[in-house]
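First the structure, which I've put down as structure tokens, then a few questions once you've had a look.
Per-chain numbering from 1; labels A, B, C, D and E assigned in written order.
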Amino acid sequence: MFPFNFEWIWDISHLVFMGGLWYALGIIGTGMGYCIIKTISDTAQGKGAHHDEHH
Amino acid sequence: MSDSDEKNGQSGIITLFFILGFIGSLLLGWIIFPELLYSKKEQPVAFNHALHNEEVANGCESCHFFREDGTFSGVPKLAQCVECHEEPIGVSEAELTFVTDYVAKGREVPWLIYSKQPDMVFFSHAAHVKMGKQDCVTCHGHIGESTSLKPYEENRFTGVSRDIWGGNIAGISMDSWDSMKMSDCDKCHKELTGRQTSVQTQRDACFVCHK
Amino acid sequence: MKIDRRSFLAFGVGGAVGTAITPLPWKLMDDSSIWSQNWPWTPVPLDGAINYQPSVCTLCKGGCGINVRKIDDRPVKIEGLKANPINKGGICLLGLSGLQLLYGEDNRVKSPLKRVGKRGSGKFKKISWQQAITEMVEKLGAIRLKAQSHTLACISETELGTTASLIGRFMTAFGSKNYIRTPSFLDSLEAAILKTTGTSAAQVAFDFENSDYILSFGSGLLEGWGSPVRMFMANSALEDKKGTLAQAEPRLSNTAAKADKWLPVNPGTEADLAFSMCAVIIQKALYNTNFTAAATGLEGFKSFVTANYAPEKIAKSTGIKAEVITRIATSFAKAKNPVAVCGKGSGDTPGSLKESLAIVCLNALVGNINKKGGLWLTSEPDYIKWPEFINDDASTAGLQKNRIDSAQSGKYKDTRFLLNNFADAVLDDYEYPVNALMVYRANPMYTMPDSEKVKKAFEKIPFVMSFSSYMDETALYSDLILPDHVFLERYEDIPFASGYTKPYIGLARPVVDPLFDTMNTGDVIIQIAKRISNSIAGAFPWKDYETCLKETLGSMWAQLESQGFMTDQSYTPPSTVNFTFPDKIADAPAIEGDRGKYLLTLVPVDSIRINCGYIANPPFATKTVDDTVLFENDILVEINPATAKSLGLRDRKKAVLETPKGKASVRVFITDGIMPGVVGMPKGLGHFGYDSYIADKGVNVNALIGSLEDPETGLDAAWGIRAKLSPA
Amino acid sequence: MKDFHEKKYGMVIDLDKCTGCGSCMVACMSENNVPFKEDETKKRLSITWMKVYKFTNGKSFPETEVCYLPRPCMHCEGHGGHSPCVSVCPATATDYSTETGIVSQIYTRCFGCRYCMGACPYHARYFNWWDPVWPKGMEKQLSPNVSPRMRGIVEKCSFCYHRLQLAKEKAYSEGRREVRENEYQTSCTQGCPAGAITFGDLINPKHEVYKLKKDQNAFRLLERLGTNPKVYYISSREWVRRAGDNYLAHEKTGKKQNH
Amino acid sequence: MDSALIPVGVKRCSFPKFMLLLGAAGAVLAWGVFAMLLIWIKGLNQTNMNDYYGFAIWIWADLAVIAIGGGAFFSGFLKYIVGKDELKNIINYAVLLGFICYSSALLILAIDIGQPLRGWFIFWHANVHSMLTEVAFCLTCYFIVLTIEYLPLVLENRKLDKIPFFHNLTHNMHETMAVFAATGAFLSFFHQGSLGGVAGVLFGRPFAFREGVLIWPWTFFLFTWSAAAFGPCFTILATKILEKVTGKTLVKFNVIDLLARISGWMMLTYMIAKIADTAYWAFVLAPSKGFDVGFFYTNNEFYGWWILILELVICGIVPALILVTKKGRASKTALTTAVVLAVIGVCLNRWVMVLQVMAVPVMSFDTWATYCPSWQEVATTILPVAYAVILIAISYRYLPIFPQEAELNPIAPEEALADEQESTEETADVAGAEPAAQT
């Protein structure tokens, strides 16, 4: 699954397949990373801490 | 204490604990774990490779020879040792142990083999030494020049000699003999043979080294 | 400052983050997979130097050369020996499984055993060889003291070779004539040859390698008949030269399947079919005039067969159309080197004299006796030349008595062994009781027909000794077991290869040190002989078996030791034969059982994949057995779809098989490869000795069949029995 | 077109000679440390790398004829080494070698998903449903040249590849690169008492199999599927050759598809 | 006693009653876990699979749950990409079902392999040409996506939502959800397809083999399509079941109607494609390998023409036609019948593409293979059902799965009050314990 793996070949199949995979994982990772970082910063700014029960 | 002080103090403690956990786990993983993972055993008889190497005519092959059918004999059997050691040579303690415990009783010495590969591996010494003209040192290191045998370490889970994974727990090897995993074999095979007989991996085919 | 659960949480998170960047989780994950690749309970074979040692296989009468591959001192594989003239490197599956018979600890008798429980209970106690031999000496000595030497009997698979000869010599020196060899088709052929040529003790062989037309009357040429590997090779040679194989047999055996023509003949009418072919050959004057001119009695034979066996006449009873009989007989006679052969299945039942005579006559008519590609009369090897010895009074007295099995005297004076009479003789106290029995290389409790009767006979014999290496059925019923080495652990001369034309001696050699506390039976005999009485001891001047063997083989030893066999490939038999055609032939006894009550005929089915001899089928061989033969622990019997329909039986379903001898639970396998009205039952299953890999699989066909005395030879003429089959 | 194999080991089995004796099966089992159980009658749970099939011409008594057909792994080439099984293995545990044409199975790599078994139309692949257990004493028979398999993985005929490994060792130690025809023979070939099996390099004109595969009665199993197997059969009987593949009622035996 | 955790404005059954349900499902779950442990410890000999049936009920269950779990990706796709906003009222439940289906599928795979400890080889030593590799990768990735989609739902629990970090996280994740949903749809397209490819690429198996484009056989596309078409039916069916159990209407009819209509049209188009595929296979592909299509449906104990008719007509065209008609959707009975048939239909398709593939002999002298699962296989296959019941029960009780529930099932003021009071008391308790958190 990584270029340093025994089975890895620099060929079209690997590039397409693993490319697609890492692309998707990249989006998911970036998305989650963004959410978490933003949340940390939001929380640090005190957002949501004293929010109204009936928002 | 104000709210914010308390809060800061509280977060300080949390940070401290985080760091404690972090460092603790690093110590555990990098230092304690490798110690626990491997068992250590001394060889049954103290053996001096350097000394023997001086005495024999044909270098390593004097004792670690090729059989007629091309297979490799590996660690010598007692019968080979007895050719010279029928009677004790010299007065060393190891020599006495060897002769009385093994030669006299006709018991094979249960040598612990550092370079023993797991059963699924087929390694052809003929291919590497006779055809490939590789030196023993390339894979076995300078054991032939050693004056004593290091303790044999074995992975408690897998039963495989530590020398296969290599001494470095992270799997990093500096010299060609530091470790002998599939990736190590493959590295050399790729560089030296360049063969791409495996349809799936475009390397040497699986059955070259596996059985 | 307060340490609360959030601190611990932080500690945990820190630990987790830290751990992730140490080798710990990753190495453990990797190691757990490597652990699964090297599970400690999956054996790892020890490596070592590969070396080969040639020897001879003695698991059947084939006499094949084997080459045992060893890793250091450990045999790991048996292969065929290329140099051996009989099997030329080929090997059968039994030979290939041979190591299982060496290593299978739960099957081996690992030390001398003395029975402590009831017979058959399997309760034995371990004793030393010293004790075992003393026990035997005492028992046998007591018999001699009571002047009952003749009440000792011995059953063995062979009378040839040094070990068997030592036992035979011991019997004579002891004072008993009761050395009984287990039967084979050669016994009956021998009688037929004696009757037609006057030659006694001739070994009959068939020159299949050079034949271009093989006409077989139920012989399982590819089912283990003769020397099996040789037969496979002969069949391939026949295939190569586009020769013909015709097989007369009620079911489509492997032999019939490979035959160019399968003649599904009604069981028990094979001899009629053969005589009918004789009639055709005579009628069409296709016989070899050179041969018949030199022979006598053709006219009488001619009128006998034409009167009784015209194809039209026997077509109905045999189930073979007259024109088919005529066609096969014609092509047989017209072939260059035709040979007819008998000996049903794997050839371990003698069959009727009528049948043997019929095929001898067929061969005679085409003039191929002692000719290339024909039937050969060879002689037994005679290298065993031991000094005469003097019997004492006890022995002499014992040797005055007739044999317990009625052979070699009276009505059956020309028959050498009649094991089929043994059980009756024991049970009916024929002339005298049997007080002691030795069993060597035989398993009569399993291989003899009518198992129930044999068991009763065994129960009546006060002292039974077995030399078996395995805990077989006979060993289970013995009082004393003196285990022999298995074939890979001992020397043994093998002076025969069943049905083989050339003189041949093979030498089985120890390829491995005995694994257990066993002893070569030759040595046991020598040791006992030396202790029972001086006169017996005098007959055994050798220190031990090996000395005896070396002395016996003399100048041949060196070659046998280096090569594993000796042979004379240039041998040809004498070309002239004084042949007399018979002018009347006694009818063979009819198949046992009431035709009204038992609507079907049960025939045993021999298969190369199931050894039915004295050694049980090892696990590898059993693994190859189809699920149409054995399923779980049920045996399957073959029946034709028509039979199944008439009896309302369904494929693979359970049924009850009943014969005059017994009843068994079976499953049925419906196949077009068997005649209607016939039930085929696999032979070689249903052991109750041995371990769980061998025992309790199916039913022993011998428990359901009986033996029938041939009116002229006294040999067992039976092949099958009447039976009925009903849904369970 | 030049073949992309260096060697292309294959087998020709003469069904006219095969007597169905089963020696090849045992020769294989005893050579390759194949395990066995007390009950081996459930054939679909019974590991037989080499299996002798028995089938009839479907006619009723007495026109019935029987054929025995030994079936090792066919070592399919498929297209360019993508045999039915090799291409589906998710963990690269089975592979195709252009050096030998052999389809390898690495037991320690296999994790037992059994996809390859589903892919193989010949049922040449077997799963270790149980831990291999040898009856007391019998593990001494195990050969060190073949690794015993553990529970939970797939195994199959390897064309006795270990014999080539040993033959190569011998050749190398004698300074040869080439292994002679008789130096590398499978256990079943060697054991067959009828001499029905011939083994060798299918693309080497000097090898026996090269000639035999061109026999007019030679055929392969399921050629129409495009599996491109390396085991050839010879039978002089038309119905046997027809049984080697699937045909529509009107089709003539031997009709090949374009693949 | 757990009312502080129950969402505001909705009514839930009493806690003991809830525990009774959990207990019953838990017992079944325990049975499944026992069987699972047996299989892990003793090996796959605990099953009735054999060398002819290497793929059996588990692989079918895997394919089936993923097909019916397809409702998650397709409704996500419809809501976030196509913009069918009404579906927000059912998407939570679809995600929950998807999460359950996919986690079950992964668990079954972990049970199904002979060497679970080496299961990770499928990633590490991946053979990119194998459909199973594609399945494993996409399945795992999409499971991560589903977890991400399910997470905010969990965090919306009344209690958890009070923690600022979680509250913010939920908010932020909702905002980025379209990205995740899109990625999920992309991944789903491939893994649904590759599951179809699993059988379709088997060129040694003429019953399964289909030609196609590039490395993908037609079954690849048919599987994706059928999962998109039939998956929502399962979402509807599961909703109907939950409504039946709770005795409440949880989703407005227009939402169901929309989903059913889309599903119906997907099914109809799918059926056309499937029939075309079947016809091409039956008349061209299989005969080219020497097989008369009748061979696949005759001469054996189980697989007859009925299975083809059942799959294509009764459980394919019939539900599709019901769902595309307004009348059909409007009738409660017809709608329910249609979704039930559809779910059976897609499961049957997966059955055929796994079990019948294994059953059909290929060598002319081979025989049909039959197989009946062992109790261990059945137990481990039922395990996910028990697990689903538990997870749905817990999620429904404590999470705001159905946004329209409160509106559709208004609770009487006093009840609401009582509920409110109870929860306030609980809150006070908590506050008492942790004053710092309240200030």
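Going forward, a residue touches a chain if its C-beta (ideal position, glycine included) is under 8 Å from a C-beta of that chain, and two chains touch if they have at least 3 such contacts.
For clarity, every value in this text was computed on a predicted model and none was experimentally measured.
Visitor: Imagine the assembly minus chain D, everything else where it sits, and name the touching groups.
Guide: Once chain D is set aside, the chains that still touch form a single connected piece.
Visitor: Tell me which has more C-beta contacts between its two chains, B-C or D-E.
Guide: D-E
Visitor: Give me the ID of the chain with the smallest distance between its Cα centroid and the all-protein Cα centroid.
Guide: Per-chain C-alpha centroids ranked by distance to the global centroid put D first.
Visitor: Taking mean CA positions as centres, which chain lies farthest from chain A?
Guide: Most remote chain from chain A, centroid-wise, comes out as C.
Visitor: Would you mind pulling out the distance in Å between where the CA atoms of chain C average out and where those of chain D do?
Guide: 32
Visitor: What's the distance between the Cα centroids of chain A and chain D, rounded to whole Å?
Guide: Here the centre of chain D sits 48 Å away from the centre of chain A.
Visitor: Just give me the whole-number Å value for how far the CA centre of chain A lies from that of chain E.
Guide: Computed from C-alpha means, the inter-chain centre distance equals 24 Å.
Visitor: Counting only residues that touch at least 2 other chains, which ones in chain A make the list?
Guide: 6-7
Visitor: Give me the residue numbers in chain C that touch at least two other chains, ranges are fine.
Guide: Each of 32, 35-37, 44-45, 47, 50 in chain C touches at least two other chains.
Visitor: Residues of chain B that contact two or more other chains, please.
Guide: 69, 71, 118-120, 200-201, in rising order.
Visitor: Note which residues of chain D are touching chain B in the complex, please.
Guide: 6, 80-82, 86, 92, 95-100, 102, 104, 106-109, 145-148, 158, 161-162, 165-166, 168-175, 177
Visitor: Hey, which residues of chain E end up touching chain D in the complex?
Guide: Where chain E meets chain D, its residues are 43-45, 49-55, 112-116, 118-119, 121-122, 125-127, 129-133, 136, 198, 201-206, 287-292, 357-358, 362-366, 369.
Visitor: Okay, in this complex, where on chain C does chain E touch?
Guide: That would be residues 29, 32-33, 35-37 of chain C.
Visitor: In their complex, what parts of chain D are in touch with chain E?
Guide: 42, 44-46, 53, 55, 69, 78, 82, 84, 87-93, 109-115, 117-123, 125-131, 150-154, 221-222, 224-227, 242-249, 251, 257
Visitor: Within their complex, state which residues of chain C touch chain D.
Guide: That would be residues 36-37, 39, 41-48, 50, 69, 71, 74-80, 87, 89-93, 96-97, 99-100, 103-106, 108, 222, 228-229, 232-233, 235-236, 239, 252, 254, 257-258, 262, 264, 515, 608-609, 619-627, 630-633, 640-642, 671-676, 691-693 of chain C.
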